[in-house]
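This is the structure I want to talk about, given as structure tokens.
A, B, C and D are the chain letters, set down in written order, and residue numbers restart from 1 in every chain.
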Amino acid sequence: MSLRVGVIGAGRIGKLHAENLVYRVPEAEVLAIADVNKAAAEECAQRLKVPTATGRYQDIIENPAIEAVLICSSTDTHSQIIEESAAAGKHIFCEKPIDSDLKRIEHALKAVEKAGVKLQIGFNRRFDPNFRHVREQVAAGKIGEPAILRITSRDPAPPPIEYVKVSGGIFLDMTIHDFDMARYLIGSEVVEVYAVGGVTVDPAIGAAGDVDTVVITLKFANGVIGTIDNCRRAVYGYDQRIEVFGSAGCLVAANNTPHNVTLSDGDAVINAKPLYFFLERYTESFVEEMRQFIAAVTQNKPLPVTGRDGLIPVIMGLAAKKSLSEGRPVKLSEIS
Amino acid sequence: MSLRVGVIGAGRIGKLHAENLVYRVPEAEVLAIADVNKAAAEECAQRLKVPTATGRYQDIIENPAIEAVLICSSTDTHSQIIEESAAAGKHIFCEKPIDSDLKRIEHALKAVEKAGVKLQIGFNRRFDPNFRHVREQVAAGKIGEPAILRITSRDPAPPPIEYVKVSGGIFLDMTIHDFDMARYLIGSEVVEVYAVGGVTVDPAIGAAGDVDTVVITLKFANGVIGTIDNCRRAVYGYDQRIEVFGSAGCLVAANNTPHNVTLSDGDAVINAKPLYFFLERYTESFVEEMRQFIAAVTQNKPLPVTGRDGLIPVIMGLAAKKSLSEGRPVKLSEIS
Amino acid sequence: MSLRVGVIGAGRIGKLHAENLVYRVPEAEVLAIADVNKAAAEECAQRLKVPTATGRYQDIIENPAIEAVLICSSTDTHSQIIEESAAAGKHIFCEKPIDSDLKRIEHALKAVEKAGVKLQIGFNRRFDPNFRHVREQVAAGKIGEPAILRITSRDPAPPPIEYVKVSGGIFLDMTIHDFDMARYLIGSEVVEVYAVGGVTVDPAIGAAGDVDTVVITLKFANGVIGTIDNCRRAVYGYDQRIEVFGSAGCLVAANNTPHNVTLSDGDAVINAKPLYFFLERYTESFVEEMRQFIAAVTQNKPLPVTGRDGLIPVIMGLAAKKSLSEGRPVKLSEIS
Amino acid sequence: MSLRVGVIGAGRIGKLHAENLVYRVPEAEVLAIADVNKAAAEECAQRLKVPTATGRYQDIIENPAIEAVLICSSTDTHSQIIEESAAAGKHIFCEKPIDSDLKRIEHALKAVEKAGVKLQIGFNRRFDPNFRHVREQVAAGKIGEPAILRITSRDPAPPPIEYVKVSGGIFLDMTIHDFDMARYLIGSEVVEVYAVGGVTVDPAIGAAGDVDTVVITLKFANGVIGTIDNCRRAVYGYDQRIEVFGSAGCLVAANNTPHNVTLSDGDAVINAKPLYFFLERYTESFVEEMRQFIAAVTQNKPLPVTGRDGLIPVIMGLAAKKSLSEGRPVKLSEIS
């Protein structure tokens, strides 16, 4: 018996999840798709042979046949829809970030807890085969005690400047994935962050009050030291690499490429560039994320990414913001 | 409007194609699955929500709603079913090899031609992103005039000895893929083959009259020289590499791996082994093969692998067999 | 006509330079070797067929036939010998660091300036083919404007604890090479450092008041952000990698290995570990360093590493020390 | 006490060996250099501070102080000088090939045997760190029983056409190194060769009666099958790769490069081309070859490359020539 799901939000990520559920996750059945732009919901529903399309997300929450909802609407609606869905007894998958306001996040998490429903947050990179392999090897002790973590995460091109203006800033929009990855890989909490940054890609990003190039130092409770570097534009494509160094060895995850062909000619030895962006690189991680959400609900398995996992990276992002603005290391305990 | 397809054969490859059509190729609709083992057909049909399962392939050929058939039954039935399908006006996708008897192949191809239906042969590796990229670069002149071709193709483990006994021998069962690849990459016909071989994997294969380790030299009409090496067992997994060297450069396709993580420890620097076998390595090529077949039929596009492309590698296999047995180079023109 | 050189210090590095001069740099002639341990000087002189061995470095400075000296004695003697050598009109190659006391360094540099002799400091890594290539590509604009620098520099094993106690600490002993590399690669000065560190290798290092694992963030005057990570022990060998990311691309220098052979077996795909330590990795850079010193003197070419290049990394090391101790970013202008 | 050596031939390879002996092999002392072009001998002697230069190689053979000779003169003089040197009781290092005439080789080898002197042949690639590592791993059983050998050996550019005309053909001039490598790596004798070839680089080579692009199949006595591919021009540089596949694994030796830096830009991910030609690629192997020759003589160690190792590849070359000309596999036993 498959899990009956409603998808809220028919934008890029909502369509992606819906398509993955329809074509790649036989254990799920999509009953309805909602979007404030009703035409978008209808277009998607028709293409995927989903029976219902609606302009009101409440239609999904109120539908008694639906057991779980995917919240893929704009960030400012997440906490509200989480609370309503929880109240209606639906299990919830919610895209990151839950919210940029800590109080609203905590309020939403309490509603989830009270309702006893499951909530998974959309940190899809945890399901990437490279990074999952790194995590497994670290957890298996293959590199002994971890000591240094290095995350490189660079986008191929910056988002539209309109998006930058409302994104909550690079730390909450882009680095948040790396904050989650840092916690996931090391299995310990970060206690302090120090952020350095500047504008090297587009002055308009600076004019919007943000930076586009950052390096963040992380101190973990278990003594590990981490660094994250981000840039809004890497001309060679999506650069997603990770390194964990420990007392007994080192794990390095390289980029993925569209092919493994090398061309040697009179000028150079040429390899493929990395896969272009997250849709290409994380294709399989998005599918696996859905499979594990469905399995967590239907087989009562542990959630791979909990509500708390959605909360902490937001705290880290706010701490990084404060660090950059004040030019000093900031403890996570300073944020509340 | 999607193409209505019937699948003949619910063994490993038939199930794979059926599943790909159902889940990954929205432009097709699988109406029926047939297998002499009716239970196998029923199990597959039920799992994939295919409406009809049958123990008789004729039910598919006689079904007027079905526009195209996939022939995934045992090799000895291929040419017969091709002829019947063609006579019924169905478009045909047939697994390789068409047959091991040249006369039967030619008879079947004539039936196809007469009926005016489309026939695509299952050389799925042409759709592998690595090899397709090599072909595209060669065709684009990136390495100038090709001069040397090297194909390495080694299986992780030999098939059951019962299979070896009826497979037609390593050249027709295993090397046939490489013969096709050689023609595809170079875009010229092979005129002579020289095969050397021995038994290094399992004496039982030798006892069955076959070899398990071979090196074949190819002379192409355009002057290119090629070599293929095959072995029935590579302990490190499926080894599928290709190199084309030309007057202006060289293309090398490396193996694919399940992840791109390197572990450096006190002993070594360790990378992932190649993807285990063809189901893992050629996952995407099987999907793309189906997409292009469906597109060839519905949009009247050129077939990516024609009936003639099915015939020639069989001739090459027979020539290789003769070469090995007689210890001398054999021209393809000697085979008829 | 070759340059007549005296070598002061017949320890590991003194012997290395003497041997390189004798066997690999025909443009130099080693006339004498001095060491407080006279037997060590004699053993080295005999082996290399150097005419004179002495227990007094003054014998070298006072020798009118000697045109240039190599100062390879213990760090605490460097500034004194520089001053005496300069006063005697000798050109000077001095191992890093010049001193750990800024005033003494400045005093020595003034003596050099006054005497009008040449002084090159032993930052040999600038002559490593990998790093030199990175510098050349950066300088040629191949990656546009640099934005992020990442240096990984990990030793295979910590030095004896007795050495750690007198080394001046990890920043002045080990990171100092990376501080120099950072300036060399980016071609701009660092204005602020932030150092985080801990003891993960050996508690005895902590007991000696030092750390063995550090991550340092660098802010450059031109806006580049850099990070350096160091560890006193990488079980897989000497880990010396560098990455410079810029607006038009990224340069990554990988480790060097003793061979380029890959072994694929039933367990893994195995590559060689990095070259074990600096003697193996920087073999060629030590030779090239000597060649360029000799050429700078004999052909009056620009010095590849000046006295000022010896001073600034010490300032950076002192700033890093202060940063680690005070838990805050420290500007280089705070150090004097 | 070092070994006193005379060098016969001051061409490219003679100068290289002389320089290596002088600068890199302290256990040898070069007493004299001879060349029919006396000025060349003098220039070399002066540069390397070698006491004697002469236009007559007999001066070296007749010099009682000289214990060993290096024969680096033109191929047609090798066997004669070997015989005279042996008669004079000198140990001999002789460049490959000994001769292109089997009778003359055998005559020379008998003279060596009779005189009881040591004779090492200049197959320097055996001393290359990559290939030596492959050999050691094969010999240590790391890949179980070898089954397939693949050698790729391509020059960056063809030699002058005048050289091609007198070189004895590609098999005796170029492939001969690969024939030696095949025997060295597999540790078994080749019993049959099959050669295919053509002219793809320069029609003038064809006009001179030679080919410039060949693929050779080797059958070994122990059942291993090998292939060698050669081309006189690889536009990307000197391509020297080797693969040995066995029952328990596979060894692959990749090319060496001048640096390990990767440049990723908007167009591609670019690595260094292979080291340009044999002087760059085999720098260390030439030094090690001399060290082992000197050690074989002075410490009475086994010769790493014997006179018989010089003979067999010539037989293989003649067999390959016959195979190409007759279009059939040729057994080595057919050559005499």
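In this text, a residue touches a chain if its C-beta (ideal position, glycine included) is under 8 Å from a C-beta of that chain, and two chains touch if they have at least 3 such contacts.
What you are looking at is a predicted structure, and each value in this text was computed from that prediction instead of being measured.
The interface holding more C-beta pairs in contact, when B-C is weighed against A-B, is A-B. Think of it this way: of A-D, B-D or C-D, only one pair shares over half of the A-C contact pairs by residue number, and it is B-D.
Rounded to whole angstrom, the centroid-to-centroid distance between subunit A and subunit D, based on C-alpha atoms, equals 58 Å. Each chain gets one centre point, the mean of its Cα atoms, and the points for subunit B and subunit D are 42 Å apart. The centroid of the Cα atoms in subunit B and the matching centroid in subunit C are 58 Å apart.
One simple way to say how far apart two chains are is to compare their mean CA positions; for subunit A and subunit B this gives 40 Å. Counting only residues that touch two or more partner chains, subunit B has 234-236, 239, 248-250, 264-266. Residues of subunit B touching subunit C in their complex: 234-236, 239, 257, 264-266, 268-274. Touching subunit D in their complex are the following residues of subunit C: 23-24, 26, 129-130, 133-134, 137, 142-143, 248-256, 258-266.
Contact residues on subunit D toward subunit B in their complex (touch as defined above): 144-145, 147-148, 150, 152, 154, 194, 196-198, 200-201, 213-215, 217, 219, 223, 225-227, 229, 231, 233-236, 239, 245, 247-250, 327-329.
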